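In the two complexes below, chain A is the common chain; its partner is chain B in one and chain C in the other.
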Partner chain A sequence: MRPILLQGHERALTQIRYNRDGDIIFSTAKDQHACAWYAHNGERLGTYHGHQGALWTVDVDPTSTIIATGAADNTVRLWDIKSGKCLKVWEFNTAVKRVEFNEDGSKLLAVTEKRMGFLGTIVVFDIKLDLEAEQTDERAMTITCEDSKATVAGWSFLSKYIIAGHEDGTVSQYDAKTGEQLDNTQAHEPDALITDIQWSPDRTYFITASKDKTAKLINARDLEVMKTYVTDTPLNSASITPKKDFVILGGGQAAMDVTTTSARQGKFEARFYHKIFEEEIGRVRGHFGPLNTVAVDPQGKGYASGGEDGYVRVHQFDKGYFDFTYEVERQVRAQQQQQ
Partner chain B sequence: MFELATPSPNSKSRYPAVANNRGPTNIYNFERHDIRTTTTPQLLPHTHTSTSPEPLFKMSKAAGRADWADDEDLDDNVNALPPDTTTTNKDGTKTIITYRFNDEGKKVKTTRRIRFTTVKEVVNPRVAERKSWSKFGLSGKDAPGPASDTTSVGENIIFRPSANWKKDQKEEKPEAGSMKDKLKDKKVKCRICNGEHFTARCPFKDTMAPVGEEGSADVAAGPGDEPASVAGGLGAGKSSYVPPHLRNGGGGGEKMGGGKFERDDLATLRVTNVSEMAEEQELRDMFERFGRVTRVFLAKDRETGLAKGFAFISFQERTDAAKACEKMDGYGFKHLILRVEFAKKAQ
Partner chain C sequence: MAPSFDHLPDPEEDEYDEEEELDFSDLHERFEVQLEQGLDAFVVVDGLPEVNEETKPKLVKFLMRKLNAVGKVKEDSVHMPIGDDGKSYRFAFVEYSSPAEAVAACKALDMVALDKKHTLRVNKLTDIDRYGREGRIDDNYTPPKIEDFTEKEHLRSWLADPSGRGRDQFVMYKDNGVGVYWNNEKDAPEAIVERQHWTESFVQWSPQGTFLTSMHQQGVQLWGGPSWTRQKRFAHPFVNLVDFSPGEKYLTTWSNRPISIPEDGHPALSVDDDGMNYVIWDIETGKPLRSFANLDLPSTSTDEAGQPVKRKIQWPAFKWSADDNYVARITHGTSISVYELPRMGLLDKKPIKIEGVMDFDWAPATPHREGIKTYEQLFCYWTPELGSNPAKVALMSIPSKEVVRTLNLFSVTDAKLHWQSDASFLCVKVDRHSKSKKSLATSLEIFRVREKGVPVEVVDSIKDTVINFAWEPKGDRFVIITTAEVVAATAVPPKTSVAFYCPEKVKGNFVGNFKHLRTYDKKNSNAIYWSPKGRFVIVATVHSQISSDMEFFDMDFEGEKPESDKDLTANLQLMNTAEHYGVTDIDWDPTGRFVATSASMWKHTMENGYHLYDFKGEQLREEPVEKFKQWIWRPRPPTLLTKEEQKQIRKNLREYSKVFEQEDQDRGASADAAVVENRRRLLDEWLAWRAGVEEDLKEEKEALGLPDDPLDALLGKTDESESQVIEEIVEEIVEETEEIIS
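Presenting the complex of A and B:
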């Protein structure tokens, strides 16, 4: 496969998102604008200007009308995807590290940093998926993380739970209506922060990536760790592929150590693991720095990775990827056909 | 991916307004699809033999008719240009012959062979609608199609998932390591005096020839010995020149002709009755089961890119080749029965 390189950012990438149809990619980086790209040919649709600090996060609503971005200038902004106009600004006390729309795009959550005496919080807003509508200033809910700040969070199936990953390697489950903490489990090492949470297509389970060099597949209902993927490098991002039972993990040496290591040792590769067998099945190299974010096309046709090197690399899977199956899988399929 | 190769001017026309006449689009309707048909002309380079994707060219306006500057000439000039001809070839390509005058007023005939491939793409109407959006922000002034300053194509990456990826990776590493180990134990040996130093630093390098060669034999046997006997009995007489094929006891020539190829042929299979649609990779996959395959050659038509029906497969080990020959002879592949035999030595 021949990757498309997107050079719209001058600084390290922070997050990449595909829209639901998989035709547009949104990217944010530590420079102060977000970019939208066509996934099929890498053409840049446009850029979103207005933030005054590094952008940490982006998410797109399921109808591809609005995107939300969170930044180090303590704001969350909503943008019209088509025109690049800023629709709404919410101000916070601290930087916003993660935003995510729920399944139907009626709610948005934002994870704020713990800093300057403010505790880390998860804030929920009601969203009107209409470009003309006035968005509310009011927060529908605020969850305060007293023990350990949340680094990432997301909505479970049917917007029933809010799942958050914390700095101390724990994963907690909140009731999405009341904000009450229902469960909390030490999924990763206590000193390793959780760097990413991404959902399965039906949002019943999710994958977490952590600095403790593992990624885990966790059930949203009871926070049971179903699978563990062990690597040899700190992970920054993990993603579940639709269509095929794989997961893609991205990571690499921490940015501060990069100058002392070569590309080979830095392990700047996207790693593919089999979702069920937990075995590594291949790697895709190409970045010159650690992978900060990995995103999979919801249609399962490709994936994009963003690195500390400021590049987004968009890959379209080729035939070998779709044809690959384990011997066991082939046997099962043959049996099913016979019946 | 090919859309990158055929940039701007075409891209507009290649995305016809597909979302038209659809009425209100149901946002959650995922089943609805549109079919778009586009035609891409493809130039067939005449010297092209490999299987890599053929470069795509956009049809320039000049392909269909002469330049406007030449139009006047056409009317006035006595030596009017012959009309353009388009012929369809057997293999589905088209030959287009155009004539024009160049800057010096000379007639130029351009022959192009073009293959038209129709690319059908099924696109969700919402996606099609989004493709027609105008750009904004930093890209606001960009022309349609990917801009070269923000989008480029990386080098090709071969990504083949494999169940025992870890093991493969480990196998590769020890090999490299063992090579290193081998070299570690190797001591420096002088070719002239067998001492533990580089030949270039040998104190005898100006006075002695390397061990085992003509000169050294001279030194060892004393100057009185007959030098002609060493040079294959042919160097007798005054002339010291020995033709290359007679050097080293006269066996050199034979070795040179046979040496490498002989070894190669020993483990090379000739596969015939191969399907036109076969690919080298498929053959490699089939034969790799029997042992390490060092080379796969599939003869292809240079213009159509179709296989000619025979292939050569070289194995590392002759035993593997023999096994493969036995098992694969008569194997059904793409509706044809393969015939596998050992390749005959090239004459």
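Presenting the complex of A and C:
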């Protein structure tokens, strides 16, 4: 796997997203602008200027029409992908740490930081997937996190639930229509921050990454922890690969500790685990800072990782990746084919 | 009505009595000042013969001779009461000039025979008052309660590995948890017991592996048996270090804080132990045998301000003889005190005076010397040059105190004593300075202890300074590490050379002269780790930031032997090299099959954890462990098999190993099968779950009237037939040639 190195950001990456077709990559970093790239050759499609603070998050709607970004300047913005024009600005009291469109792009959620006396919230907006339409100012719903602030959140299948990961290592499930908390479970070690939530293709289960050095595969319906992936380093991001039953985990020594340790110790590698057997399969090196975000092409052809070092590395999976199967998997497949 | 005389209040009755009725006895008791009664200098001497007034002076005079041995007693200070019948009560009060003398008298004269019939019993007067006062002793004899016998756990049950594979155990200390595990080679170690906060500073095995020692502020605890219960407790407050006798009979504990016995006593120690630093305990009974204070070491250097630098304590300060019968401590420059166990009395009641003695060491095994039938213990010591006398290295036999051999040496800066594990050889590493005292050179003086007259062989072909030396355990070869540079505390490790030595081949059952076998130059190595069974040796660089390589050598390589070595009893082969970043400790398992290398957070916090190698240097396992502190293999007691039986096993090794190899294979296969089975189960479960979820999702969508793919509606604008095919034509010029057509 020969990666394409995307050198467009000047500071640490915060989030990477593929569009649904897997041909465009969106990235945000702390350097105040978002970038769009062609996935197949790494050419930069464009940048989105307007934010006045570090960008924390980006998401693209399923039709690849608009993107939403959230930043430390306490705003969420909508952008026209093609023209780079800012379509809408919503202002908040605190920084926005995560935005995500629901399955059909009709809703957007935003996770706001707890700071300056304001509690952390999850805010939902109705979205019109039309570049000409006026977006509403009104919040469709606000969930206030009184116990422990939400760090990440996302929409489940059929936009039925909103799932949030919290600072104290718990995962909670809210009714996406009423905002009522339905369930809350201590999925990770107490007080181990949940750093990422990413969905399976059908959004029936998701993976969480945490500072407790584990990633967990959780059922969206009942929040049952189905699989646990144990690593030796704090994790910042985790992603589920379509097509193949793998998960990709990224992390490394906390950025502030990096300078005090030798580089060989940083563990700045993307780790591949088998989703079902929980076994480590391989690692991809390259970054020279911790991995802040990993994202997988929804078509399953590649993945991209963004590091504290300011680089995005885009990898196209090669034949070996697709050929790799366990003996039991081959047997089961053969059986299915016979039937 | 005026008060009449009759009615006058009686002042005595009313006022004074009131006061008198107040009971001050409790206050009196509480605040009564304990006056120095001056009785501390008195002793009571019992067990005297009966005398009358006439014979009394004679007895007093006779008694005085004994009494004056420990202090000053005047004739008139011996008071021997005479009864009404004119006969003495057979005891006497004696006043010494000081309480200290009285204490000394109790210690020295008690149980001393006066003549054939009479034995003196000497007690302090205050003690008799304290213990013998009426009511203190019950007149009726009550038999002491003997506790019912309870079967103790078998302390060596661990030698029988339940899996029948003869695995070894090790203890691992990480973060706050201590655990004992079976070594499973490549697989994760199997936990036997794991406990949080089992120790406060470190753990240690007893020399034969019977006990696991844990350190606490209150003292030392020993653990063992199949259920890891506490076997013994040695309450030495603020204990820092602990040392066992080789046979696990006794234990030395040391604390840098002198013991202070609280007013209300201490559960194990007595007032006599107050102010002491060392305690020697009997492990079987758990009782202290004797305690000692620190000896101030004479300082050899001074700090910048000209103050003498306090030398670090030598550990172990009390060194044990191989048979557990003696323990000895050196008083720098003057003497060696040898104590006999179990009474802990000084051998022949006085220290062995050796002027200038710098260091000593017991033979690690009972030495067999030619022509000597008594199996005495042996220790060696060395003294520096004193005036015109040369420096000396000598061997002394204990208890006879006979000096077996001495060797005179000149221009000695320092000497280090290295015993070979069977006590067959003693190597004295002598650092000699040149006349100008500017350069150092090392020579090795090897005492052949088993041979007649203890001949000494000198290896002086070494030009550099030897910084490390190690004998092959149970063998006769050794490895040294030398450096040309002065070893200073610099960040860059000095360049070193590693040299191997072995004896020449000779006819008969003798050990030939030691010859140089091979030297490897330009190394950073600083440590030598021999396999406990000999033959294999690791030369490594430890505690280094820059390099941390390990080299595994075989001294008896079975392959071709170079022509140049044909007269030597070794065939050296570098088997493997390995690297373990930041390695701090290397530990061979007691059977010499495996080596654990570890990086402990006590030394640095980078990549703490362990690696496991086999004796060939093949890495079996690697595990980073957060806050890793210690890994120690559990030692094994010496084998119970006779030499013949061991030989028999070696002879039939092939037969045995066939069985074990088969077992290993079967186990591997069954483990693989289990893994595959487990994977199949996981996969089946997953597929079943997915099928269920997909079904549910479909139903739910139908119920909500949603399309199967929510995006079809969104992307519906672009029909499938309209899908574009983008053709990209790439022209590639393979070759370009230019021809000139004329």
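One rule holds for everything that comes next: the second predicted complex is superposed on the first by the 336 of 339 C-alpha atoms of A that agree within 3 Å, B and C clash if a C-alpha of one lies under 4 Å from a C-alpha of the other, contacts with A are read in each partner's own complex, and residues count from 1 in each chain.
Operating definition for what follows: contacts are C-beta pairs under 8 Å (C-beta built on N, C-alpha and C of every residue); 3 or more make two chains touch, one makes a residue touch a chain.
All of these numbers come straight from a predicted model, not from anything done at the bench.
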{"item": "Superposed partners chain B and chain C on chain A - clash or fit", "value": "clash"}
{"item": "Touching partner for A:Gly251 - first (chain B), second (chain C), both, neither", "value": "neither"}
{"item": "Touched partner set for A:Thr63, first chain B, second chain C, both or neither", "value": "both"}
{"item": "Touched partner set for A:Gly120, first chain B, second chain C, both or neither", "value": "neither"}
{"item": "Which superposed partner A:Glu103 touches (first chain B, second chain C, both, neither)", "value": "second"}
{"item": "Which superposed partner A:Asp21 touches (first chain B, second chain C, both, neither)", "value": "first"}
{"item": "Chain B versus chain C as contact partner of A:Gly307, first or second or both or neither", "value": "neither"}
{"item": "Contacts of A:Thr204 with chain B and chain C, given as first, second, both or neither", "value": "second"}
{"item": "Which superposed partner A:Phe157 touches (first chain B, second chain C, both, neither)", "value": "second"}
{"item": "More chain A residues in contact - chain B or chain C", "value": "B"}
{"item": "First (chain B), second (chain C), both or neither touched by A:Phe324", "value": "first"}
{"item": "Residues on chain A lying within both footprints (that of chain B and that of chain C)", "value": "63, 326-327"}
{"item": "Of chain A, residues touching chain C in the complex", "value": "20, 62-63, 103-105, 129, 157-158, 160, 202, 204-205, 221, 226, 232, 245, 261-262, 264-265, 276-277, 326-329, 331-332"}
{"item": "In the complex with chain A, residue positions of chain B that touch it", "value": "1, 3-4, 27, 124, 126-127, 130-131, 133, 135-140, 142, 145-147, 149-157, 159-163, 165-166"}
{"item": "Sites on chain A touched by chain B in the complex", "value": "1-8, 21, 23-24, 33, 37-38, 40-49, 63-64, 82-84, 246, 272, 274, 279-286, 313, 315-318, 320-321, 324, 326-327"}
{"item": "Residues of chain C defined as touching chain A within the complex", "value": "581, 606-607, 624, 676, 679-680, 682-684, 686-687, 689, 693-694, 696-697, 700-701, 704, 706, 710-711, 713-715"}
